[in-house]
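Chain nomenclature is as follows: A, B, C and D, assigned in order of appearance, with residue numbering initiated at 1 for each chain independently.
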Amino acid sequence: MKTIQVAVIVGSLRKDSFNRKLANAIVKLAPASVHFQFVEIGDLPLYNQDDDEHQAASVLRMKAEIEKSEGVLFVTPEYNRSIPGVLKNALDHGSRPFGKNSWGKKPAAIIGISPSPVGTALAQQHLRGVLATLDMLTLGQPEMFLQIKDGFFDDSGNIGEASKKFILRWIDTMIQWIELNSK
Amino acid sequence: MKTIQVAVIVGSLRKDSFNRKLANAIVKLAPASVHFQFVEIGDLPLYNQDDDEHQAASVLRMKAEIEKSEGVLFVTPEYNRSIPGVLKNALDHGSRPFGKNSWGKKPAAIIGISPSPVGTALAQQHLRGVLATLDMLTLGQPEMFLQIKDGFFDDSGNIGEASKKFILRWIDTMIQWIELNSK
Amino acid sequence: MKTIQVAVIVGSLRKDSFNRKLANAIVKLAPASVHFQFVEIGDLPLYNQDDDEHQAASVLRMKAEIEKSEGVLFVTPEYNRSIPGVLKNALDHGSRPFGKNSWGKKPAAIIGISPSPVGTALAQQHLRGVLATLDMLTLGQPEMFLQIKDGFFDDSGNIGEASKKFILRWIDTMIQWIELNSK
Amino acid sequence: MKTIQVAVIVGSLRKDSFNRKLANAIVKLAPASVHFQFVEIGDLPLYNQDDDEHQAASVLRMKAEIEKSEGVLFVTPEYNRSIPGVLKNALDHGSRPFGKNSWGKKPAAIIGISPSPVGTALAQQHLRGVLATLDMLTLGQPEMFLQIKDGFFDDSGNIGEASKKFILRWIDTMIQWIELNSK
């Protein structure tokens, strides 16, 4: 059975982040043929173009991890009705130096959870625009604007019964999207 | 003559940033009654909600500088068709902890320069949405989508003759906006 | 007691539109000092710049109604994660011919209701960007992303008890905003 | 040689629209294997959900033309920093009634020309968000933010020499995108 490599980027650095929890639960739920690699973005410096010719070790590591993946899964919280600065900072680093955009042509998928689905929806809308600029191929439908609710996660941090089938179906769609669009 | 305090935030950390140069030139061009304070954002950590109850010294400093200002001038480059992660990170810090949004009710103005005016226009469009969420009162018109061109700055880093009147008029509009909307 | 004139624009043409119902309920709930005028947009032609010098009677009527108002309340549904084409068409008409923008400098407020609050939130985000371009002064906070739920309206079409105080508070904020910013 | 069918939608109704001229020039420049069909949107009524079960003849015609195409080329002007209401109205019609979205899974490409490239860029950014919602697969790079300049068109309305190669390359990219993603 063919395996695929998917890089996972979580937009929040908070230890008990719901979106990190969501990413972990997706990894557990997905078929074994998908190898997920969590890409750390919390150790990146603030982007400064003056460093383009001597990028920090953490930047080079992140870029290498993206480049060897066949697709990228963004699990994104929302801050102030847009993408967390932390996530945008990682996207900016990965796009540089000029002509060495690590994101280019990679298929991508976006999912997120917030106290109201409004939060993640607004963040995802901005993220889509940025990913198009980065020349990523982003899965369009179904949109996944998840809401934090009792029972969404069970006590072991898995997706609860009520949402499991729904999330599994989306994971399948994501896998097909990445397989179809990765080179 | 009444003076007003305007905080200036430059979205780029690059030493020779065109937007920093633009900010400096605006400060020199503006009437003496406006006191500008450049607010450093390059020393902020990446935002992590776990630190909300013990914000870093640089975060507390930035929040104090915003709070004592009567208005905020954003001079913003564009990265990947949106706000630099560096700037969004600063906005995220300033909005926290919950209930202590330093930006709230402050009048704001946005200006930016990029190799094509498209860049700054797209960044400014995202920034406007975020500032509305932060409950800032952002000057609507005229939009200032400046383009880097020979002669825009003179050899001393001032606004060149061709654009000086145009920029001065905008500075006046900005000052009136801040006076009208600050409390 | 000073009265204010507020133009109301509903983005949906559907007879039983929830947003029209919401607009009607707001009118009934607001203090008597606010005179609301519903501005019809369903009789406008599709915008064609060739007609700028001889605008249709319905366009002239709409422009006059906006111009004599002191502020504009947009009650907006969402179509395909953005503003209804019907509403954007009305905004386009009102902004023309060049130099005769009927919306300019008017204070504005936005509210909307949809099956999920995500819908209206995404539409409102696009609408805010357009209104800034039109040089309107749009109320920032609180955002009103309402969700259609049993009991939101009572049997007479009024706002139900559970939401009445919340909506009334927003109406007050809107009135203050319009009074403060209208000339 | 395999032919492909591409539906062309022009966002402006103006007779001498630069974007219509651009669409015509692209059609003339493209290889003969691409069959373009201009889809009229100026005869559509304003969208009203009450008509979903008995759509107007012009709506049914437009939906059929989209459905039989293998991809859609949007040539879009900008009104008030967003999509023309006329174009959004067409998108709304094509997405209805619920469950009968004519746009779904179609590959799409966007191009536009405006007096400043800022205009079309901001319109295209909004359009991308809407097309993602409609489940279209939109070509990401290169972005085509064209500027109206002397010589862009020659006297016969063809793309002038200075831009011909550049536009031809984009047409090739667009054709490959549509071939790859159409079913």
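Rule of thumb we're sticking to: a residue touches a chain if its C-beta (ideal position, glycine included) is under 8 Å from a C-beta of that chain, and two chains touch if they have at least 3 such contacts.
Small disclaimer: the values here were computed from a predicted structure and weren't measured.
S.K.: If you take the mean of the Cα atoms for each chain, which one ends up farthest from subunit C?
M.R.: Computed centres place A farthest from subunit C.
S.K.: Over half of the interface residue numbers used by both subunit B and subunit C, so same, or under half, so different?
M.R.: Subunit B vs subunit C: same; shared/all numbers exceeds half.
S.K.: Looking at chain pairs A-B and A-D, which one is connected by more C-beta pairs in contact?
M.R.: A-B
S.K.: Can you compute the centre-to-centre distance for subunit B and subunit D, using the mean CA position of each chain? Integer Å is fine.
M.R.: From the centre of subunit B to the centre of subunit D is 36 Å.
S.K.: With centres defined as the mean C-alpha position, give me the subunit A-subunit D separation in Å.
M.R.: Roughly 30 Å, centre to centre.
S.K.: Which integer distance in Å separates the CA centroid of subunit A from that of subunit B?
M.R.: 29
S.K.: For subunit D, what residues touch not just one other chain but two or more?
M.R.: 81, 122, 125, 129, 132-134
S.K.: Residues of subunit D touching subunit A in their complex?
M.R.: 104, 125, 128-129, 131-138, 140-141, 143
S.K.: Quick check on the complex: what are the subunit D residues that touch subunit C?
M.R.: On the subunit D side, the touching residues are 12-15, 17, 42, 44, 46-50, 79-92, 95, 122, 126, 129-130, 132-134.
S.K.: Quick one: in the complex, what on subunit A touches subunit C?
M.R.: 81, 116-118, 121-122, 125, 145
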